[in-house]
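Let me give you the structure first, and then I'll get to my questions.
So that you can tell them apart, the chains are marked A, B, C, D, E, F and G in the order they are listed, and the count of residues begins at 1 in each.
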Amino acid sequence: MKESIILSFTENTALTCARLSKILTMPEIVNDKTVFTLLEVTKSIQKTLAERYKSAYWVKAEMNKLNYYSHSGHCYPELVEKANGKVIAQIKSILWKDDYINVNNNFLNVLKEPLKDGIKILFLAKISFDPAYGLSLRIIDIDPSYTLGDLEKEKQETIKRLKSEGIFNRNKLLQIPMLPKRIAIISVETSKGYADFLKVLETNSWNYKFFHLLYPSLLQGDRATVSIKNQLKRIKKVREHFDVVAIIRGGGGDIGLSCYNNYELAREIALFPIPVITGIGHVTNETVVEMISFSNAITPTKIAEYLLQKFHNFSVPVQKAEEKIRDKSRRLISDEKTKFGSEIKLFRSVTENILIGNRNQIKENINSLVQQTTFRFKNEKEYLRFGREEIKRGTFKFCAAEKQEINGFALIMKKDVISQIIQSKTALNNMEKNIENMSPQSVLKRGYSITMSNGKAIKSTENLKEGDALETIVYEGRIFSLVKSSIKTIE
Amino acid sequence: MSDIPTYTEAFDELQSIVSEIEQGEISVDELSEKVKRAALLIKICKQKLTSTEEDVDRILRELDTTTNENDAQQNGS
Amino acid sequence: MSDIPTYTEAFDELQSIVSEIEQGEISVDELSEKVKRAALLIKICKQKLTSTEEDVDRILRELDTTTNENDAQQNGS
Amino acid sequence: MSDIPTYTEAFDELQSIVSEIEQGEISVDELSEKVKRAALLIKICKQKLTSTEEDVDRILRELDTTTNENDAQQNGS
Amino acid sequence: MSDIPTYTEAFDELQSIVSEIEQGEISVDELSEKVKRAALLIKICKQKLTSTEEDVDRILRELDTTTNENDAQQNGS
Amino acid sequence: MSDIPTYTEAFDELQSIVSEIEQGEISVDELSEKVKRAALLIKICKQKLTSTEEDVDRILRELDTTTNENDAQQNGS
Amino acid sequence: MSDIPTYTEAFDELQSIVSEIEQGEISVDELSEKVKRAALLIKICKQKLTSTEEDVDRILRELDTTTNENDAQQNGS
């Protein structure tokens, strides 16, 4: 088995066999068989190999195990080559103490990682065969930049895989409780980071109280991956008690952090049911774990501050809320009191207004009443005075008219009586004149005379004879005579 | 004819005498008697008129005076 | 004719006398009597008028005085 | 005429008397009686007016005083 | 009229009385009665106004006092 | 009206009463009723305000003390 | 609200009360209730900040019962 491995390791099997036969030139013959001692053979192999592989070669391989022996300081790395997961080549190797120190320093410088198990290396080696120890590669130097690239590739692959599985952001998408006060700490009890973390948390001046429980774990180097995973598993079982997992590493320098690029670990963290925050404390490139963790802080102190900040983020609004409640509730009451007070003022003024309005109306009515009654009385009195005056005037006017009429009567009477008397007088005078005119005396005066016979006035010739005595009366006397003759003049 | 006739009687008689005389119904014989009568009647009438006039004058004068100063007599009416 | 006639009676009689006189319906005999009557009636009327006037004056004067101090008589009215 | 007429009755009667007098519809005989009546009516009216005025004055005066201290009478109204 | 009228009733009646008086629709005989009524109505109105005003004053005064010691009355409201 | 209204109801009603009064839509008769109602509302509001203020003050005072020594109640949270 | 809210609920509810009160959406009627509630919520929140309720022993016990397999690796660290 071992030989086959060795054979399979050689580049040219045919050539090797030929050389081997050359080396075995002095064999012992036993029972027709050429018999070599083991040493002869191995020496032959040694010689052949030494002749064949004179220089050192750059070889790339996976270093499964470093196999560092601390007491000797030498390493015996296990080198393999795999194809499709199967080991297709394998060889022992030796890294002497001095070389190891040298290489390891280079690694630490370049990779920030020590030389360790499970990395791919490009190494300068001489093929060595020792009859006692067999075939091995003596590693003279290892090129750290090759391994760096490989580690970077692994990291990228991890990222790619997580992304392709859709879990890269899984932990980030979790909700961290408002108060992440229950902390499962994955750290090393004696580490400075842990101490710093606790100091910041527990001596906070706001009296914020945290609950934390340490889950001790390796935090760097290859074994850290498993260790952390184990603790994560434990935490997962009691996750109800925790708000957050804090992976805290501090004071370890930047060495041995490639474990945080490990897919398994990264996956575990990505899928972890509660937020995982990391404070791994280094200055180099961010590891995958840091990328996918819920939150990453550069140092443990920063994690603590991050958590305290969360408390602040909670506490400050609560404080503000309290202040606002105080202010606003009192303000609300005082505003309401003001509003209420002004409403009451308004109430008073509007009621007073309406009352004043009504009072004025009443007053107007009273005034009107006084005025109207006064006016009315004045009018009535006026009329009574007028009536009195009218009576006086009317009666006097009437009396005066009557008097006038009566005086008129008197005048008429006087006039008519006088005129009647005058008329009567005139009439009498006229009659007197007539009578005077017609009296015999007046007639006689005008020359007429009356002739009488026997005391009677003669009007005709009848009954008158000659000689009858006649008496003729004239105005101034009487004439006595006798009739001589008479003549009748009227037929 | 002892009684003095009234003015009206006297005046009427007088008128009738005048009328008789005017119509010549009275003979010369009666005439002077009638004229005498008329003269009497005229006298009577004239006297009556005069006395009436005097009466009336007095009454009216009294009326004038009383109506102008009728306070005193007011009670006596 | 012992009674004093009323003003109206007096006035009416006066008017009829005046009318008679105007129309000359009164004989001279009656005349002075009528005039006398008329004068009396005139006097009566005038006195009545005067007294009425005086009455009215007095009443109204009394009214003035009573209404200015009419508290006592208020019940008697 | 034993009852005292109301102001309105008195006033109306007064008015009709005044109107009659103005239109000379009253005989002299009635006149002083009417005037006397009118005077009485005027007196009645004036008394009534005066007493009413006093009443009203008193009421309105009381109104001024009572409204300033009207608590006691508040129930009696 | 035994019930005390409301302010509105009283005020309306008052106004109609004033209006009647203004338009001379009230005789002197009724006048003092009406004025008396008006006075009563005015008194009622004024009392109502005064009492309302007092109510308001009392309420606002009570407000000042009760709010300083209002625990007892709190249940009674 | 047996239920005590809330502050908001009381205040709103008070405001509407004030507004009604302001717009002169209320007769004096209603006014005293409204004033009475307003008094009740005002009292309710005032009491509510006062009691609320006291409550709030007490609560906030309590808050001060408890938050300074809230260990005892810690389990109750 | 018989259940004590979690501090998260308390925080949220507190914020919403603050917001309500800030926006003046709380009436006087609700105020003391709201303030009381807010006080409770504040108390809950503050207590949460300064208290720890988790019990290490219990956690470890729970842990032991479930994880006996991984002791080996634990010690190797």
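In this section, a contact is a pair of C-beta atoms (placed from the backbone, for glycine too) under 8 Å apart; a residue touches a chain by one contact, two chains touch by 3 or more.
Owing to the predicted nature of the structure, the values given are computational and were not obtained by experimental measurement.
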{"item": "Chain F and chain A - chains in contact with each", "value": "E, G"}
{"item": "Intersection of the contact lists for chain D and chain E", "value": "A"}
{"item": "Per Cα centroids, the chain farthest from chain A", "value": "B"}
{"item": "Self-contact between copies chain B and chain C, residue sets same or different by half", "value": "different"}
{"item": "Pair sharing more residue contacts (C-beta pairs) when A-B is set against E-F", "value": "A-B"}
{"item": "From chain E, the most remote chain by mean C-alpha position", "value": "B"}
{"item": "Chain centre separation (chain C, chain F; CA means) in Å", "value": "97"}
{"item": "Distance between the centres, which are taken as Cα means, of chain E and chain C, whole angstrom", "value": "65"}
{"item": "Cα-centroid distance, chain A relative to chain C, in whole angstrom", "value": "112"}
{"item": "Residues of chain A engaged with two or more neighbouring chains", "value": "322, 325, 329, 333, 336, 344, 347, 351, 355, 358, 366, 369, 373, 380, 388, 391, 395, 399, 402, 410, 413, 417, 421, 424"}
{"item": "Touching two or more other chains - residue numbers and ranges from chain D", "value": "11, 28, 31, 35, 39, 42, 45-46, 49, 51-52, 56, 60, 63"}
{"item": "Chains touching one another, given as label pairs in label order", "value": "A-B, A-C, A-D, A-E, A-F, A-G, B-C, C-D, D-E, E-F, F-G"}
{"item": "Of chain E, residues touching chain A in the complex", "value": "7, 11, 14-15, 17-18, 21-22, 24, 28, 31, 35, 38, 42, 45-46, 49, 52-53, 56, 60, 63"}
{"item": "List of chain G residues in touch with chain F within their complex", "value": "4, 7, 27-29, 31-32, 35-36, 39, 42-44, 46-48, 50-51"}
{"item": "Chain A to chain C touching residues, read off their complex", "value": "388, 391-392, 395-396, 399, 402-403, 406, 409-410, 412-413, 416-417, 420-421, 424"}
{"item": "Residues of chain A defined as touching chain G within the complex", "value": "177-179, 181-182, 206-211, 213, 216-218, 223, 226-227, 230-231, 233-234, 237-238, 241, 311, 314-315, 317-318, 320-322, 324-325, 328-329, 332-333, 336"}
{"item": "Chain B-touching residues of chain A, taken from the complex the two chains share", "value": "407, 410, 413-414, 417-418, 421, 424-425, 427-428, 431-432, 434-436, 438-441, 450, 456-457"}
